[in-house]
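Each of the next two complexes has chain A plus one other chain: chain B in the first, chain C in the second.
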Partner chain A sequence: MNDMAIWTEKLVKVYPGVRAVDGLSLNVPRGVAYGFLGRNGAGKTSTIRILLGLARPTEGRATVLGFSVGREQVAILERTAFVSESKTLYGDLTPRELVRFTRGFYPNWSDQAVTKYSRLFEIPMDRPFAKLSQGNRTKVYLLLALSQRADLLVLDEPGMGLDPVVVDEFLRVLVEDVIGEGRTVFISSHQLADVEQIADWVGLIDHGRLLLEARLDDIKSQFRWVTVAGNALPPTKSPEVLLVASEGDFCKYLVKKDAEAFAAELSGQGATVAQVSPLGLREIFLALVRKEEPCTSGNVGEIAEAVSLPLS
Partner chain B sequence: MYVWKCWRDSRSRFFTSLITLLALCVFFSYMEVKFAFGAIGAGPPSSVSQTWSHATGFVLGGVASLFTLLWGLVMGASGPGDEFKERTADFLLVRPRRRSYWVWTGWSVGVLELSAMAFLAAAATFGTLSYLTGHVQTWWPLTAAVPLALGGAVAYGLTYFMTVVARNGKQGLSYGFGILFIDLLLPAAASYYPKFHLPSVLEFMVGACKWVAGTSRAFPTGSLVLWIAVALAFPFAAQLLLERAEV
Partner chain C sequence: MLLHVNPASGVPTYLQIETQVKHYIAAGALVPGDALPSVRKLAADLRISTNTVARAYQNLERDGVLRTVPGGRTYVAENPGSFLKSERIRRLRPYATQIAVEGTQLRLEPREIMELVQQELDALEEVNERYGDLDRKAR
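This part shows the complex of A and B:
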């Protein structure tokens, strides 16, 4: 039995003409908030659909909470709550009826949670779902997911249509009531600031491939931009250098650790190191997924092997 | 849970169709007894027995059979295939149940409703005939509920399956209508060739109701087995398809 909340090995999903997921290997520890980030069409939703049994992988293996995806799907679904990207529910049912419909499927269902979150999110419980605003629809979805008291919450764009106040309350609920109780949150979102607020781990995916999987604290403490004047002499294919890109007369290196030593090495080779600066989640996201103008030498525009830092 | 939702989704259609069917059965039974019997050219009833027999054959074997068949098609359009069209499939299919559960639960609710309709239609015909003729000639008309329900289940299962194929309730319904239309026309066309006999579900329903009415000696046992198999084959095929469906 796998100890990870989510584990995938060389997962591939091919749709006609599209390789949506391309050899994805994820390691999501239990009891953490994991931000699953990527651009539109990066393969996030396809991955989530595979994990929940809504799509079959073309290749590769995956487990969720130790249960094999595909073979033990019901066991996975009993322990997993999902907020889908579409946020579409039965239009003629009211939130109260949706609660009634959903509660019977889950042994850990909490009516107290329904009361608590419906008040907290100010959900009109007796208005048909079709007549709710986009924000209220999202809230209903969140209410149903939170009330399952599932071991794993899979959230695909959970903040869609929510105002900042509700987003803030929701993030607080995730931290206090879900992660605080040792349960796992797997959140796919474009709202990087929100993810950065709660995530312990992040996985960054582009074109179906994992670019980076690391603890957020490690990223903040170790990842650095090393800015060098002129056409420097970068060490090619260094495992410490994730990306090399040019910016005007400068060359920037995204270094995953030992940035100072790397800068010293460049200086030793005659380069002028202008700056060694830390970077946030947004910057690293943009740096890794955006098409940068490459430098004239070195591992131009390439991204090194996906980084996976040790769990401890 | 899902049974409740299926019932909630279909109950207004169920009650509408039930009331319509019962009204049709009472009306045509009344017409048969009071006026229509002579008008259709069979001559005046020589006995109450003939009245019962003819009325049972016409009302249950004709009117109710056709109505149940068509309404079975319509009711099947709300099957799990429509969840794809409504974009609720990714909500429903991540509830912790095997996909076969959704297919067979939804199908069972529909077939129970059709069975209730069939039984009440037979009971309404029986009750009207008893009331108008003053006594119970025979209890047999009540057994006409079986072929009515079975024929309805076949039509229901056909649309139910087609909604999964088309991933769309209305489209599934149109496919179901098309196939049923062919099932009515083709056997009729093939009847010009005595060596060919193509089975038709309406023919089975009419034949079984005539047997119940006593106007036909042979009970269509072979057809009964065939249509039971067909009625079960549709949800089974829908299950196989849904189990392999990606959302």
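This part shows the complex of A and C:
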């Protein structure tokens, strides 16, 4: 039992020939917007399927809202709303009929919310689901999920097919009606811009493993590129250096904290520090996932374990 | 109050909010007693997490810039300068250090660094006077 919205410990999911999830340990606090980021095939959807009881983990443990995944799945499903990546519902039914069908399953269901969001998202409530555009199908999913007024909202690639105006409205709804109410949003996505806008926390996964989990603002206030002139540099063993990359006549160190001190140390060794610059989520994502071409000397850009910043 | 945040920049969003609020106060656009939007309203307007806005407000409150009354409304504090001078200097020192370090690293002369700070102070003064004029005209 714990107080996290989502907690996993060394979660593993093996499908024939692939370790889709490979020792994943997540800590998603309650009441936050958490961006679960990774490339296609990084293991995001596999993780979500385990959490919702749609797949059984090969190894490891997990809880959602304090309930044990697997053993207490019904309690989890009652309190969790889910928008899946593949938008398949009963095609013959209209959104209005889908609402009637869905509401009985959820103790917190709000008809007021149905009215509000169907207007806000301009959903054609009386046209069969199968005849809706992709964008409208996504909106129906969001409507059904939001109206559950669940403690945890899990969104797997929610932005599919939505135009920018609807995305913007949806972000407002998430802030006002979900996070503002102390409920938790878990967004799995590779749409970095939308996630960066709204997320408090991010978890970055690749090849089924967690590369980074921290508060987004802490990442931004501490992560720095330290750019140094020259190509052959003394190897550094600093634990704060996540990776080293070369770019033309410069070497770049991705430093997770105390970048100024690190830069001063390099200067002390005779290096010319050209720049210490902050970086956005997109750059961090690209750097960590791509593991840029390492320098000839210096420690190679291997990431030993997930980075986690202390709570402040 | 017009706040803009750029989530894609490398600057933490809560810091962007803090800096802007302080700037509005320094420039006289916000005066003691002015109400700020609620955490939820500002977060919804900016499409950022309520936690981020709450963090900014808490920091500003801790710094004596804002105050929250029972019931939850937040105002510009009556006298942001009411802390002891030594305390105010203590709070400013890290920025002074940063200016000194960065300026030196960029190979600027001490005189040039001082001039830069002076220019910023002058700019604030000018904005402040303009707001003062507007206020007098309004009356």
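Points worth noting:
Everything below uses one rule, namely that the second predicted complex is superposed on the first by the 302 of 312 C-alpha atoms of A that agree within 3 Å, B and C clash if a C-alpha of one lies under 4 Å from a C-alpha of the other, contacts with A are read in each partner's own complex, and residues count from 1 in each chain.
Note that a contact is a pair of C-beta atoms (placed from the backbone, for glycine too) under 8 Å apart; a residue touches a chain by one contact, two chains touch by 3 or more.
Computed from a predicted structure; not experimentally measured.
In the superposed model, A:176 lies in contact with chain C only, and not with chain B. After overlaying the two complexes on the shared chain, residue contacts for A:220 are found with chain C alone; chain B is out of touch. Residue contacts after overlaying the shared chain place A:74 against chain B, while chain C stays out of touching range.
In the superposition on chain A, contact of A:88 is made with chain B only, not with chain C.
Within the superposed three-chain model, A:54 lies in touch with chain B and out of touch with chain C [touch as defined at top]. In the superposed model, A:104 lies in contact with chain B only, and not with chain C. Touching chain A in their complex are the following residues of chain C: 7-15, 39-40, 43-44, 47-52, 55, 101, 105.
Listed in rising order, the residues of chain A touching chain C in the complex are 31-33, 168, 171-172, 175-176, 179-180, 193, 196-200, 216-218, 220-221, 260, 273, 277-282.
Considering their complex, residues 1-2, 4-5, 8, 86-88, 90-91, 93-98, 246-247 of chain B touch chain A. If you check the complex, the residues on chain A that touch chain B are 49, 52-56, 74-75, 77-78, 80, 82, 84, 86, 88-91, 93, 97, 100-102, 104-106.
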